[in-house]
Amino acid sequence: MVLDLHAGRGTGRLVRANPVAKVLAAFVLGLGVALSDDPVTPALVLGAVVVALAAGGVTMRVLLMRGWPLLVSAASLGLTTLLFSDTEQPWLTALSVTVRVLAIALPGVVVLVTIDPTDLADSLVQNARVPARFAYASLAALRLLPLMAVEWRTIGLARRARGVDAGRNPVAHLRLFAGTVFTLLVGAVRRGTRLAVAMDARGFDAVGPRTIARPQVVRRSDVALVLGAFAVLVAAVLASSALGTFRPFWA
Amino acid sequence: MRGLDLTIEPGERVLLLGASGAGKSTLLTALAGILDLEHAGDAEGRLTVDGVHPRATRDRVGLVLQDPETQLVMARAGDDVAFGLENRAVPGPQIWHRVDAALDTVGFPYGRDRRTDRLSGGEQQRLALAGAFALSPRLLLLDEPTANLDPVGAGLVREAIAAIQRTTGATTVLVEHRVAEALELVDRVVVLTPGEGVIADGEPAEVFAAHGDALAASGVWVPDRPLPTRKARPAQPDASGGGREDLLVADRVGYTHKGGDRPALTGVSVRLRAGEALAVVGPNGSGKSTLATMLAGLAAPATGTVRATPRLAGSDSPVPPHRWRAHVLAARIGTVFQDPEHQFLTGRVRDELAFGPIRRGEKADAVGRRVDDLLDRLRLTSLAEANPFTLSGGEKRRLSVATALTPGPAVLILDEPTFGQDRRTWVELVDLLAAHRDSGGSIFAATHDEAVVASLADRVLTLGHDRPAPVPGREVAA
Amino acid sequence: MTHPHEPDIADRGRPTSNLPGDQVPTAAPTTWRTVDIVVTAVIAVAFGVVFWAWNHLWTATGPAFTAFPPGQAFMYGIWLVPGVLAALVIRKPGAAVFASVLAAAVSALLGATWGVQVVWYGLLQGLAPEMVFLATRYRRFGLPVALIAAAAAGLTAASLDWFYYYRPWTTGWLVTYYAVLTASSVVIAGFGSWALTRSLAGTGALDAFPSGRERRPV
């Protein structure tokens, strides 16, 4: 059981782009598409995104590897819509929802695949004025993630060794789960407290500005990326309006 | 602590000793200027570093703590060393030069981009030292830097400390329980006592000569003091004509961790016998913990088998332990994990001890009497109502061994049982284990601690790649 | 794996004020210490692991339950725990938002299905309880406030789901969804977080925080 945050990153220009720019682009597309209610606008955005990704070096293989849960969930969502909604054209509505969800989430999944957490923290601090203490404390906590994942398994084994397991009983599973959460949290809070001491001992709570070891620059291509996301959105809305299919969610 | 009077001159290298609770860690955090007086209770007297309040000199002080995992901040080694430099506003262009110099001084074996979660404990600690060194400290404070490390890692960390001392000439205050090995890093020993201040101060040889007995009794690992031996009595041939009976047999077991590039274990065979303590030793990564997990019925071997004999498991004998239900497993094979807190299930010490028996349906008053008796033997009676998580390290360890033993298993499996313990707890623990062994149980301990091997083990199994030549009594994995 | 070694002294409990446990006499200082930030972050990251394990647990019951929103609604409360829990433990303004955003980001990093959009969920699901605690001027952290805060988080989550995914649903289904989700939130994220905080306090782990200073000495 290996929780690896760095696996499967593609290569290419998209990886080298500024992290905050990438996140912003994904947000713009996601929010924009969320505001529309028809199937055409999201489909256009989705198409444009896939093409842009291919150009940016994110292979289909990487996309599928990371994106298959999204496909499954989107399909299941379509199915649910069919069952629980009450519109004149149920299949069209279901399709529309499915495509919308894909269009909203896909850029976000891609962004995840091409971002390194340290780079993101640096970029948030340097380019987005996020307070350094919160960004780097988050990074430090994130470092403990694989450790805590292993610890989750160890706690389960430790409980089995004491004679506690769950078998088929769902209530027993929940109790075991809750107990494991508790033990994990005790360890987590203790670790956090010690980590805070160590960080302060290295000057983390010093007053005054920090210097920068890993500069994160905003290039013209990064600005273009964000503007491009807006452009794609606007173009899709215009095209959809021209086709007569556009419908914002408030309509 | 109270009434502490102590002066340390620039460049001195001091070892702080004392029983648990004497205030060693408190003193170090106070010197580092990060003692949180809000929660520390009352403070009296004066503490100065370079003549001023410690808060003012924090940028000249380096502090290295015990647990490497909670000192590292960044995902990559070089970034972590740079972290402190960024905090202290070292100009950008200078940062990476200093990072490289620091990594070099401590003998860090990798480059800047090495991921910190792929480092061994010793490598992580050296990285933490690099982080402290990069800030050019004039005072180096080290709180048990090798406590969580295997002997090899500990040695490399001590070398790194020595290198830093040579390079910077910094004043050093070291708290270390592996006293014998720490002596090469210090010139002066200061002994603290709980509730009072300094009771001894001077050259190591003098201090140990004058106070050695008292120190050893209070738990300090005074060098050159022999530890009690607890070997099994020679086996009487029993009715079947053999020596001791097998309880658990592993036959050519192998295992590879998911995502691992090499197998953790290949083709290891071992027999656990009644009335016998077996220690398995070997360097980090040789598979000791993996073997322990499989013997404990907590993981299935990828190759080979683990089998319980009828004496241990009765009619369940053909079923491998990893398929037994947990309550059945706990009654036959007890396992003590490295971190006692992982095994705590209740909010009271008394309930922890009663857990196993009550689960099996024993009557409440019989259980109550057993628990009282256990509390007495473990010297935990005054803590019966306390939350197990609030106990000291040694108390938690005793409690976790006891809770593993209350369901009455014949086999007891332990993973690094003596890690980081003081002398007193160590002796108590070895006594506990010997008592189980002498009453017919079997002990299997994966350990780095040579003292456990020397004192308790009746047989030794060595895992790993550099295997020594066979020695009588010491088995080598086939 | 190294063994986290605590200082070898027992920590039996510290006598505290005589005030009822859920009330702070004066306004707590609002500046965030390093330990406040780091522990909030670690709680959020720990819940990243919990969410992942939770998903594992439920995939065992079959895709019918997990992939279907009604099934998800019953269990939704767990996703809302980090925000409420962090506020109850740290008791500083912004704790709920910070923890919630970070937990969402971590679950995204761990390969969650929905990409960075979950950060919006984290933000709004954290803001809702934050508003509740703000309304009490960050002075009340007992069970009633926890339940209300969790309810607010639940309503917000349901609304986000409606906005993103469930707009075509009939009113009947929507109301059911809202009700089940909010109930789940109140039980798991409200009562659960409160109980968890008290149990954590009993272990001594929270001694650096106001929530931990209400232990009784032994």
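Think of it as A, B and C in the order they're written, each chain with its own count starting at 1.
Operating definition for what follows: contacts are C-beta pairs under 8 Å (C-beta built on N, C-alpha and C of every residue); 3 or more make two chains touch, one makes a residue touch a chain.
Everything numeric here is computed off the predicted structure, so don't read it as measured data.
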item	value
Which of B-C and A-C has more C-beta pairs touching across its chains	A-C
Centroid-based (C-alpha) most distant chain relative to chain C	B
Whole-Å gap between the CA centroids of chain A and chain B	39
Chain B-chain C separation of Cα centroids, rounded to whole Å	33
Mean-CA-position distance for chain C and chain A (Å)	19
Touching two or more other chains - residue numbers and ranges from chain A	117, 140, 142, 144, 147, 151, 154, 186-187, 191, 194-195, 197, 199-200, 204
Touching two or more other chains - residues of chain C	1, 4, 6, 199, 203, 205, 208
Touching two or more other chains - residue numbers and ranges from chain B	67, 69-70, 339, 389
Chain C residues touching chain A - in the complex, by the definition given at the top	1, 4, 6, 32-35, 37-39, 41-46, 48-50, 52-54, 57, 63, 67-69, 89, 98, 102, 106, 108-118, 120, 163-170, 173, 196, 199-200, 203, 205-206, 208
Contact set on chain A toward chain C in their complex	3, 5, 23, 26-27, 30-31, 34, 37, 66, 69-70, 72-73, 76-77, 80-81, 84-87, 93, 97, 101, 104-112, 117, 133-134, 137-138, 140-142, 144-145, 147-152, 154, 173, 177, 180-182, 184-197, 199-200, 204-205, 249
Parts of chain C lying in touch with chain B, wherever the complex brings them together	1-13, 199, 202-205, 207-208, 218
Chain A contact footprint on chain B (complex, rising order)	29, 32, 34, 58-59, 61-63, 65, 67, 69-76, 79, 82-92, 95-96, 115-117, 128, 131-132, 135, 258-259, 293, 296, 298-299, 325-327, 329-331, 333-335, 337, 339, 341-345, 355-356, 359, 389, 403-404, 407
Complex contact set, residues of chain B against chain C	20-21, 25, 36, 39, 66-70, 121, 144, 147-149, 289, 338-339, 347, 383, 385-387, 389-395, 416, 419-420, 422
